[in-house]
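Structures are listed in the sections that come next.
There are two complexes below, and they share chain A, which is joined by chain B in the first and by chain C in the second.
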Partner chain A sequence: MTPRAGYDPASLIAGVIVIALGGLLLLDQADVLELQPKYLLPALLAAVGGILLACGLIGPPRGRE
Partner chain B sequence: MTETPPTVPQPEEPPRRLTRSTDDRLIGGVAGGLGRHLNIDPLAIRITFVILTFAGGLGLLAYLMCLVFVPTDDPSAPPLKWGLARTIGAGLLAVAALAILIPDWFWGPQLPLLLVAGAVVYLLVRMLRDDGGTHAGRVAARIGIGIVLVALAAGGFVAAAAGTALGGGIVVAGLVIACGVGLVGGAFRGGARWLIAPALVLALPLGAVAATDLDVRGTWGDRTFHPGTAAELAGGYEMGVGSMKVDMRDVDLPAGRTDLRLDLGMGEIQVLVPEDTCVTTDAEVGVGAVNVGDGDQGGIDVDVSDDRSVAPRVEELHVIADVGIGHVAVGDRFFDWHGPGGWRDEAFDALQTGTSSAACRGTA
Partner chain C sequence: MVTVSETQPAPLRRDRAHGVLGGVCAGLGGRLGIDPLVLRVGFVVAAGAGGIGVILYALAWALLPAGDGDGRALMARAAGRREGWMVASGLVLLMLAVLLLFRAWGVWVGDAIVWPLILATGGGALIWRQSQGATVVDAPARERARPGGGAARPRRVLRLARPSLGIAALGVALVVGAALVFLWLNGALELDRDVTLAVLVVVTAMTLILAPWWLRLARGLTEERAERIRTQERAELAAHLHDSVLQTLALMQKRAGDPREVATLARRQERELRTWLNAGPRREAGASLAAALEAAVAEIEDAHGVPVEVVAVGDRRLDERAEALVAATREAVLNAVKFAPDAAISVYAEVSGDRAEVFVRDRGPGFDLDAIPPDRRGLRESVLGRMERHGGRAAVHTRPGEGTEVELVMSS
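Right, the complex of A and B next:
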């Protein structure tokens, strides 16, 4: 199965991670959740690591190899 | 036998210089030219300029600088010359803008550093303009663009942190989610990885500020409070950023527990109490240190809560302190962080923070 033309999985994965992180932070700022630093700081690191890993594993977008 | 057609020498591609775009322009073509030069969507550049404009005018300043220093790609436009008047005029404009936008920072001891940075930027831009076709020019251009991008990222980082600390965290979180939605949508249109950078520039300071529970709304500056009666302590004291000193020596505490609530976003809290006062503490500091009772505690998410047993009918002052980033000290004297002894002066070394043990037992 070949990837759909113009489809960038890294952007999709990064987007999902960013939405999840943004949602978590939004709930914290809206006082729905009270995130403690010992959970929030690793979550930030995990998000950055996940995005970098996705971009690194998938490689540059089509047309820029 | 076939004849090989003569090879036609291909004209060498001219070096790609940073120019303002005449095709993709909303105002001066700066974002269009930068986007073309960096091979990213000009919309990202425009969004960055707008965000940074709200960060003390940094985006507007950067845009005006580009408008002045970056030539247009219109071949019919007259070439811009690096005249002395043009250089001095642009430099004075930049200096005036900085002096107006950030006067407290500008007129400080970093002024010589600012002048050196200005000279470096001038030389880089001049190399970029006058030597754009050579290897040295391209290297200088990359260095210059790198410096600008780092500065823009730092500015965005500070803007997001400040916006969150000033109560705009929900808006910043919404922008992060919008970047995520853009990434997901862009994934099906060839990719939109450039949105990762603004998403992280917004999310990381937001997370850091959220982790420290930093809230700098309220008074800024140095304040010393002198309550005269215990009744004045009922509302507590609250500040955004600065030094909060509370002098409790004139307060006659009633028998039993009296709460003193102190809330500070960023800075230091010092509570001055007579030596024979029974003090108990419940202090939370996002990032910083607490000096009460039995010594120093510092780091991230510092939570100091006394479990000292207090004899009945003892006059107890219960300090409830909440600091985002900074320091809490309770003792028998005020001290100066910038004293002659370095980062703290002799008064701090002589600070008696264990003022309360005997008093709390009722044996003082």
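Right, the complex of A and C next:
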């Protein structure tokens, strides 16, 4: 599929990470899995770190430069 | 391509060709002369002790450039981007997440050791990177290609790391912070809390008082160094123009009656000048000092029709300093040819170990050194100044009526 003008891979990756984190918390609330507090902080840090890394490495969206 | 000067030690790089993961151990082992296997075992053992080995390996991987890459580390490439802070923050947060996971799994040697060690490693890495300071490198091709950007040889320029001051200060703060955290977590600060607090307050106050002065001093030193480099570059430029263009113009005036000879001189000078402006003269592989001296003297003999005797004892590779010695010798011989054309002129060169000496003698009328007008740059800049700029020395022994001897000494 050809990317649209203004397509932003960094935003896509950030969105996927946030959805994954949200899904994890939802599953915890639904008692499908038990998310221990000691794993919550690393998960949050990894999510924020991953988003920052993606934005920093991939840079501005195509079509804006 | 920017290449590090020959006088600089080989840079520490990751060796991906011989590595297992990222080539960190292979690169470190190659540089330190240690079997990489020993380092790998050390990293694995450290990884089992609270994941420290993993963090250290990740830091080394991020900070060391790949040997077969573009010569820059991941962090350096990231810092060169507009979003460099994002990459750095992201990496730090990911490493923190990994550490907390190890802590949650119980693979941990204790907060009192791991956190100070991580802080100290980060700070030490920053200080180590910035302590490389200004690096002497060959000028990039695009700079040499600019008119006026060339020099008589591949130009060396000094790259000053401008943001290094702030980054080094951050490194120092991290190391000091690591020490304090270590002392605090081990209870060492509790016994002498009042004393520690007093020391901290005094240190903070002194830092606030001295920081502006220290910053001004550091900036002043940087500017002074940059100005000195610019002055040396200008002197090199002037010396080259004097030795080439001005000498050719003088020769053309002297031979104004022979249009063909004048045209030949003009063409030769044009070629030489274009080459110098574009990239500087190519140094032939395996070129030697003796051969370069003989070639320079032969060129003067051809141009001026004056015989010059050359004797060379010993030889050495033609490097940047040897080229400066040849250029100074050439100018001294030219002076002798101009001012003592009918006298016997000789060049005696002797190379012994790291020391090269050249004596240019003529039995001409000699001259009074103090009587040279200040606007005459030949002897002052192209011989004495050039030798001094390249770490050598020159002396002129002459008296009116007693001939002249120019002594040039260069040690590598």
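The rule is simple: the second predicted complex is superposed on the first by the 57 of 65 C-alpha atoms of A that agree within 3 Å, B and C clash if a C-alpha of one lies under 4 Å from a C-alpha of the other, contacts with A are read in each partner's own complex, and residues count from 1 in each chain.
Methods note: contacts are C-beta pairs under 8 Å (C-beta built on N, C-alpha and C of every residue); 3 or more make two chains touch, one makes a residue touch a chain.
Just so it is clear, the structure is predicted and the values come from calculations on it, not from any experiment.
Chemist: Putting chain B and chain C onto chain A via the overlay, clash or fit?
Modeler: fit
Chemist: I'd like to know which partner A:Gly22 touches here: chain B for first, chain C for second, both or neither.
Modeler: First partner only.
Chemist: For A:Leu57 in the superposed arrangement: first (chain B), second (chain C), both or neither?
Modeler: second
Chemist: In the overlaid three-chain picture, which partner chain does A:Lys38 touch, first (chain B) or second (chain C), both, or neither?
Modeler: Both partners, chain B and chain C.
Chemist: Looking at A:Ala46 after the superposition, I want to know if it touches chain B, chain C, both of them or none. Which is it: first, second, both, neither?
Modeler: second
Chemist: Check whether chain B or chain C contacts more residues of chain A in the superposed model.
Modeler: The partner with more contacted residues on chain A is B.
Chemist: With both complexes overlaid on chain A, does A:Ala14 touch chain B (first), chain C (second), both or neither?
Modeler: After superposition on chain A, A:Ala14 lies in contact with chain B alone.
Chemist: Put simply, what angle do chain B and chain C open at chain A, by C-alpha centres, to the nearest 10°?
Modeler: Once the two structures are overlaid, it is 110 degrees.
Chemist: Which value, in Å, gives the least CA distance between chain B and chain C in the superposed three-chain arrangement?
Modeler: Once the two complexes are overlaid, chain B and chain C approach no closer than 11 Å between C-alpha atoms.
Chemist: Of all the chain A residues, which ones make contact with chain B and with chain C?
Modeler: Common to the two interfaces on chain A: residues 36, 38, 41, 43, 48, 51, 55.
Chemist: Please output the residues of chain A touching chain C within their complex, sorted ascending.
Modeler: That would be residues 36, 38-39, 41-43, 45-46, 48-57, 59 of chain A.
Chemist: If we count contacts the way the header does, which residues on chain C are in touch with chain A in the complex?
Modeler: 78, 81-94, 96-98, 100-101, 103-104
Chemist: Which residues of chain B touch chain A in the complex?
Modeler: Going through chain B, the ones touching chain A are 164, 169-170, 172-174, 176-177, 179-193, 195-196, 199-200, 203-204, 206-208, 210-212, 286, 300-301.
Chemist: Which residues of chain A touch chain B in their complex?
Modeler: Interface residues on the chain A side: 4, 6-12, 14-23, 25-26, 28-30, 35-38, 40-41, 43-44, 47-48, 51, 55, 61-63.
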